[in-house]
Amino acid sequence: MMIKIEQEDNSLTKGLQQFFKRLLESEEIDALFLPVRLKDSFSIMPSLVTDPAQIEAAVPLSPSFPLNSGRMVSRLSYKESGRKTAVLLRPCEIRAFIELIKLKQGSRQELILIGIDCPKALSLSDYAAYMEKDPLDDDAYIQKVFSANEETLNGFNFSSACNTCENPFPVNTDMNILLQGVDFSDGMIVESGSEAGRNILESLNMSEASMPEKREEIMAQIKEVNSKANEAMVEDITEKTDSILKLNAFFDRCINCYNCRNMCPVCYCKECVFNTDVFYHQPVQYHQWAEKKGLVKLPTDTVFYHLTRLAHISHACVGCGQCSNACPSDINVFEVFKSVAQTTQAAFGYSPGIDENEPPPLSVFNEREFEDIVGIK
Amino acid sequence: MAIGKTLVAGAGLSGIRSALDLAETGYKVLLIDQSDHIGGLLCQLDNQFPTSKCGYCRMLPMFDRDRSSQHCLRKGLFHENIEILLSTQLMSVEGEPGDLKVTLKQNPSLIDPSLCTGCGECERVCSVFVDDPFNEGLTKRKAVYLPSPQSFSNAYTIDYTACTRCGECEKICPTGAIKFIDQDREKFKILVVDDEKIVRDSMKEWLKEEGFSVATADSGQKALELMDDRLFNMMLTDIKMPGMDGVELLAKAKEKNEDLCVIMMTAYAAVDSAVDAMKQGALDYLTKPFDPDVLISMALKVYHEFEIAEARVEQVDALILAGGTQFYKPELGKNPYGYGVLPGVVTGMEFERLISGTGLGKGKLIHPKTGKPVRKIAWFQCVGSRDVQADAGFCSSVCCMISIKEAILAKEKYGQDLETTLFYMDMRTIGKSFDEYRLKAQEENQVRFVRARIHSLDEDLKKKDGSLLARYVDLQGNIHEDDFDLVVLATGQRPAKQMTELAVKNDIGINPWGFIETTPFSIIKTSRAGILSGGSLSGLKDISDSVTCASAAALGACKIMHEAGKQPIDAHAIDMDDLTILARENPRILTVLCSCDKDLSQTLDLEKLKLDLDRIPENQSVEIMDKFCTDEGWKTLADMIQKTNPNRLILGACLPCIQKQRVKELSKESGLHSSLVETLDIISILKQYPDSQIPKTTQRIERELKALISKARFKNPVPGERLESNQNALVIGGGIAGITAALSIADCGYHVDLVEKDDAIGGNLLWMDKTVDNLDIQAYLDEKVKELESHNQVTIHKKTKTESTAQNPGEFLTFLKKDGEPDETILHGVTLLATGGSQAPLMKDNEDPQQKELTQKEFEMGVQDHKIDPEKLETVVMIQCSGTRDEKRNYCSRVCCIRALKNALFLKDKNSDIQVYILYRDMMSYGFYEEYYTEAKNRGVIFFQYDSANKPLTQIQEDKVLVKTRDLLLDMPVEIEADCVIHATGILPDLPAELADQYGADLDTFHFFKEADSKFRPVDSMNYRVFSCGLSLKPCTIEEAVASAEAAAIRAVRILSHERLVSGKMVADTRTATCSMCEMCVDTCPYGARFVDSLEEKIVIDPAACQGCGVCAAVCPSGSAVLEGLDRRLMLDVIDMALL
Amino acid sequence: MGQANNKGYLEQTETIKTMIQTCIQCGTCTASCPNIEFMDITPRHMWRLLLMDHVDALFLSKSFIMCSSCYYCTLRCPRGLELTNAMSLLKQTASKLKLKQFQRSSLFYKAFLDSVKKHGRVKEIEFMTHFFISMKNPMIPFGFAPLGLKLMLKGKVRPEFPSGGSGKLTALFKKVAELEE
Amino acid sequence: MKYLYYPGCSLEGTSLEYDISTKILLEAVDVQLEEIEDWTCCGATAAESQSHLLSYVLPARNLALAEKMNSERQILVPCSACYLNLKKVEEVIKKDKDLLGKINAVLAEEDLVLKGDVIVKHLLDVLSNDVDIEKIKEISQNKMSGLVIAPYYGCQCLRPFTVFDDPEDPHSMDELIRATGAQPFEWDMGAQCCGASNTSTKPEAGMALVGRILKSAKGADAILTVCPMCQMNLESSQKKISHKEGIDLEIPVLFLPQFLGLAMGKTQNDVRLDLNLSDTGKLIKARV
């Protein structure tokens, strides 16, 4: 079913806040998880809200994307809490969370997943700079970002993850807030995506809406544009990394801070193998390496680290771009990951983050697969 | 208490299965084979259907596997509980079960294996070439040879009969391993009897030249007179002689001297009488005219047995005969396909060798005459089967599937444009997945199936390109002539000659065809107590049935041993090494290279090697030694270890030397922990480099050694883990399979809970009266149920269902839901799913108030309840494959054709005037059931074949059923007014998916139990504690159900006999501290060895189930799933070293 | 098919049917037969007809008289059936039933045996004459003429026998007839 | 070596040359023959198609006569049809004692008894297995070298009783042909049917078979036979079939002993080549 969210005081944001408030006040929901502007700050951080009054600070749509909230939702749900939480997530956050569900790091059981058409994002540093300069107010941003698919905002590039995203629309949720192709003068639309979502929407007693005519067309356009951008990016990054030497050069600034890993929503290990004694080499080892080539750069194992991460999770990469965001050396980690991930995912015919019942490729054994690669018939 | 011991005679597929089952249970096994290698026929076969792969190794032990070898069974087998004797024959058996005296005759090799280094010098100088039986005579080998190309053993063998004793090998052997025994052939007396002087004289001359004493006689009478004077060792006699013929002479001569070896001589056509003579005790025969070489080799063979074979007498508790079968030899019959005469005519086995990677063409398929690639191949079925002219009134059961496999294989190997045609009479796809496989061949691989029998084969003389012309007639009567490059004869099976002889000599019953006869409802019990028949000896079986039967035989032996009060060896009573101390010590590595009788400094820069390796702190020293494989070399190494006291050893030697068993022995003797000995086949590596490339070779060897040193220094000794294992069994299902399984386990001394959902025990047998061979089923069932009910080790739960289950390492916990009683919880170590199956219901389109259309079951029950009176019936039609073998249920239920034959014969017995028509697609009267097909025909039952596209139609008329079908031969419609129509609707399995799932078992496409491997582990599931038998496993007859139950029972007993199970050394574990509990490893583990312990929130492992495959370690990103002893640091270090 | 339902057929053919009862219709006999081109129905077809008691159709066909006793079918039959003998028995039956379509070959054989009965050995000229007379068709001898002529010229067929052989076979023939009644 | 001899009717009539050449040849290789006294017709194919019992009684009478002679136990038979009929009795009575009883009941009319202890051998069996082939080689001195000779076996010496050769792919004549210096012709017609009595009763069918054989023999210098029926069929209609097929199919056809006799220095007259219906002149010319 579909319902309509009217503007409140001529404000889309306030309309949305009103909707979430009703949701939180309803008996169905105990808590709400969504981006909230912190007091006396321009920082917008994901927050767990239980007091309806606090909803006034919620900013559901903004260019701020400090971290992939899929990770946070996993913390809220990996065990039972006895409470029902509605969570508002960007499409790439939903995908990340679905991947984590597969890995038993989260559960949908006590959650209502609310998806939203992606409002794009700036990188962490760009967001800070943008906010310093002359930021748009919340409503103006919504109007702008959903009126045209632009690559920049006030001279700042949107994150390349957003510009190359082929799936900026939520799927497999309990309900979705639709913005693309919607005539805002008539409010916004919420569409139910599951039985549970439908029941909640019905209990809210709001007026029904219908699917905006132009939505499909606009979605297709956006996908096409982003897809082209993606192709160009892949081509570019492939050219930059298509030999081990080039790859070494690409990652030569890497300092093994592991920030990218820490911010990666699908890198779910409690303790990474790179933190174990596997990479705590014997002193003689460094010498042997040095003796062989006459020089060895430290820290060692930097490219190996990235390759290992690619091997471990490239099939699950949801393309959120937080790895690049986190890199203090400004390495474009995301672009490499996304490029490799596309190949990996295509090879296994795997779509991460879509269906929690689709098993991760490595947990499935087929006697006959990749015969041309493994050379065994 | 004494430890039980069983002799298994025959070390092919089934012998190995029986031996391993018993050995794993903990009994001692003496495994013998008359050939020079183990593995039997399968050594020559690379691929089996349906995977087109081999899976022989899947029979290897899964827990406590370090007691056994863990490599390809074609390469050899070791198990601590199995003693293997090759070139050994069982001569006789005396005594009672539990106390059998067996006499063995072993042909000692002329080569001392403890001295032979496998250098191959003897082979090089040998000038005798003989047909290599391993390649079915398609290639030649020398008289001194390595027994099989895959074998690990490096000891050469001498073919005694082919060897000319030239002595060259003895001279050249560097270790003095070859010693010819002093010969005294003059003492060996041969009598030649023939009415023709030329024959007598020339034979005398030939044999004398070989040094034998020869006397001649021109008639049987004269021969007997001579025998009064002297004792002869061997007699060669003509069959056709005036007066007393050879066969009569044979009988009379044997009366005089029972041990006399008699060889018959006969002209081409009288081979039949020669074969008859062999049944009467002749050893062999020669076809006249014959090559002197053939005569000499035969004489030498007999002489060899006479002179040097030693008898060895052993005491065992039980005997399993597993001598297998032999293939029919087309050249000995009428040979209409010109086998051996026409180029391009080969047997199935030869074809397998032709296309084998280790075979003749090294994988290429070339026409033997023209040398051109083969493009058109035909398979002829029933060569020496279903052919009374070839003394085979039976079907060989397996050839249809073998041929389909070969056709698919040929297509897969040589391209889909290869033309393959299969000529057959009935396509006997008698297993649950066989029909599917046939369809795959037909549709995916475009194999052409032609229902026709080829009468004979000629070379196409017009084309003169070696192509073969086959003439056949299609169903419509049109004559076709097709030409082929290659024709493969699907040769049938024959009993193994030695086994038949052994049986006859030892009062073991055989059937008219010479196969071992088994007792009613059993395919393992012979007529003599204590002697069991495994594998295909009692009739023709494919791999899975052979394996099942072999396991069943092992169960039989196990029961005998238990009843005789013998015990299995306690598996966990092995010494625990003090590993903790070892783990704390710093690594001290000794590196030893065996030079294998060569000067290593010619190929390696030893100085540099030593210098480089010495820079690794943990490496103590590098030593060079010679001939590790000889006793002397062995001692040198032991001394070295004594002197340097290393705690880790790296051994570079040849492949056979570094095979596990030898290293294991070394560890035992030297006190070095076996998991800390690393080996490298340096000889193979050195062979890859020319002598001139010393730096390159040195670098390669150095890298390899460094990698091993890395491995050794990071490796910690790992003990095999011990798992407490529950020793009770749960059997679900109270049909004959469940009953048999429960009784079998209980008879071996373990407690069984048997759960049956109904209130009566017996399952399908409850409605059955007689078998096709007229055995009383009810009497059998009564006996079994009584036995079960009175057994103190069995608890029967009737009207009970299993509700849910949980599995922990070592045990299951199952809740039993009982009708009208409180629920019960039982703990058990193994689960047997024997939930059975039922006859599929009849899909009726017709209104049939009078029940004129019946299923087979309804008919049989109707007769038993006197609702159907055979005497009142005039015409009965039986429709086979009714609603089965089509899109919906595309499998053959195996038993319906036999049941139809039984019912037809029953009706004919009751009322000889009754007309019975059987409408069939392929008559599945496999094996000896073929005789009932013939009998039914003899009794006037009329058979109509129909194809799946034109199924027979029925129409209910007043008190008749009108059956409409088509006579395909006469090409005309047929209408039969029948009093009743009996439909063969096939079998449906009754194994609920939830139930199977609870125990970690899977179902196949048709909802039968899915075997871990349909060929090599036919009753196991991937969960090593769960088994299935009877109809829930696959469609089967009663005997087959019983056999599968016995097989499942021994597979279970194998686990139950151990209080604690010992794992392999290489097992997985979880580092709980770093584990994120994503459970990927649990889902991924193919053996079900990983469980989530939800109370403790961690992943636990059943170390006995774990096979150390490492999939869990691969799937775990954090490195929390690990293989003990093979952690990442070690692996990275090894790689690093290898790259340095 | 007046004669077709004659029960005499069935009695006569019952023995032959028993001989081929275990036929599995593999077609080996048919593919083996050198005379198959001249048969209206194939041997396999014949056995099937026999098995199904369609004896009428069987005797409408002349296939079995085309059998030249080469014994290939007997040699090759996987069921070991004596098919050539079955063919002969069919010929005998046809002869006994005096079926018109088989008259010609039947009379040929009868003439032959008459000659044997009388002389112990075959007097070739005599039995041919007998045969032609029995056929009562004057045109037929011409069919044989060229060969007959050739043989005469070579002195191979002579009015009198070279050697003795005044066999006393009449008694044997009589006894056989008695026993076969 | 000595055998009882059963010539059979044809060898007294249409195949006189077979009888004469057989005797001459065997004499040359030291084989003696003793003709069965008072032998009668074996029944040929006629008896079989008229009466089951008669087809056994007629040959049985001759076996009984042979047994009565109480000398040799092996009967040599050159005619394949006779051979088969006699062999049939020898084989069948081993198993069918009922039949033996019936046969003896009939034979009693002539005071004959059949016991079944004689062995029936075909001439070709004797020549290829019993006779010392070296002798033939020795005498013939490769006289026939250069010739290619097609061995034709026909049916009844090979089937249904397989005694001395492969019933599908016979080769027993090969060595004999080679012993004369000639080469055996490679063909697959040696064991095929000549049409037997079909050539008289159903000429179109019979001729077809003969035609097939003659066509396959193209390239050979002559065909050798071991059966009067085959000989007659292959010889008698060569012109007619050549005419019908439109190709020259004429080829000399000789009885095996005729050919061996010639090879061993006997004259054309000795082996009575004049009695052959085919043009044997060709062969004689080819040899010269």
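Letters are used for the chains, namely A, B, C and D, taken in the order the chains are written, and counting of residues starts over at 1 for each.
Keep this in mind: a residue touches a chain if its C-beta (ideal position, glycine included) is under 8 Å from a C-beta of that chain, and two chains touch if they have at least 3 such contacts.
These numbers were taken from a predicted model, which means no experiment stands behind them.
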| item | value |
| --- | --- |
| Comparison of A-B and B-C (more C-beta pairs in contact) | B-C |
| Most distant chain from chain C, judged by the mean position of its C-alpha atoms | A |
| Centre distance in Å when chain A and chain D are each reduced to the mean of their C-alpha atoms | 98 |
| Mean-CA-position distance for chain B and chain A (Å) | 56 |
| Length of the line joining the C-alpha centres of chain C and chain D, rounded to whole Å | 22 |
| Multi-chain contact residues (two or more partners), chain C | 72, 75 |
| Chain D, residues touching no fewer than two other chains | 162, 167-168 |
| Set of chain A residues in contact with two or more other chains | none |
| Touch-based graph of the chains, sorted into line, ring, star, complete or other | other |
| Chain B residues within the chain C interface of the complex | 334, 336, 382, 386-390, 425, 452-456, 471-475, 477, 479, 934, 937-938, 940, 942, 945, 967, 969-970 |
| Contact footprint of chain B on chain C as seen in their complex | 21-28, 30-32, 36, 41-42, 44-45, 48-49, 51-52, 54, 72, 75-80 |
| Complex interface listing, chain B residues touching chain D | 198, 240, 242, 267-270, 334-336, 338, 341, 456, 458-459, 461 |
| Complex contacts: residues of chain B adjacent to chain A | 51, 412, 617, 1073-1080, 1083-1084, 1086, 1111, 1114-1115, 1117-1120, 1127-1129, 1132-1133, 1136, 1140 |
| Sites on chain C touched by chain D in the complex | 34-35, 37-38, 65-66, 68-72, 74-75, 82, 84, 88-89, 91-92, 95, 104-106, 108-110, 112-113, 116, 120-122, 124, 143-144, 146-147, 150-151, 154-158, 161-165, 167-169, 171-177, 179-180 |
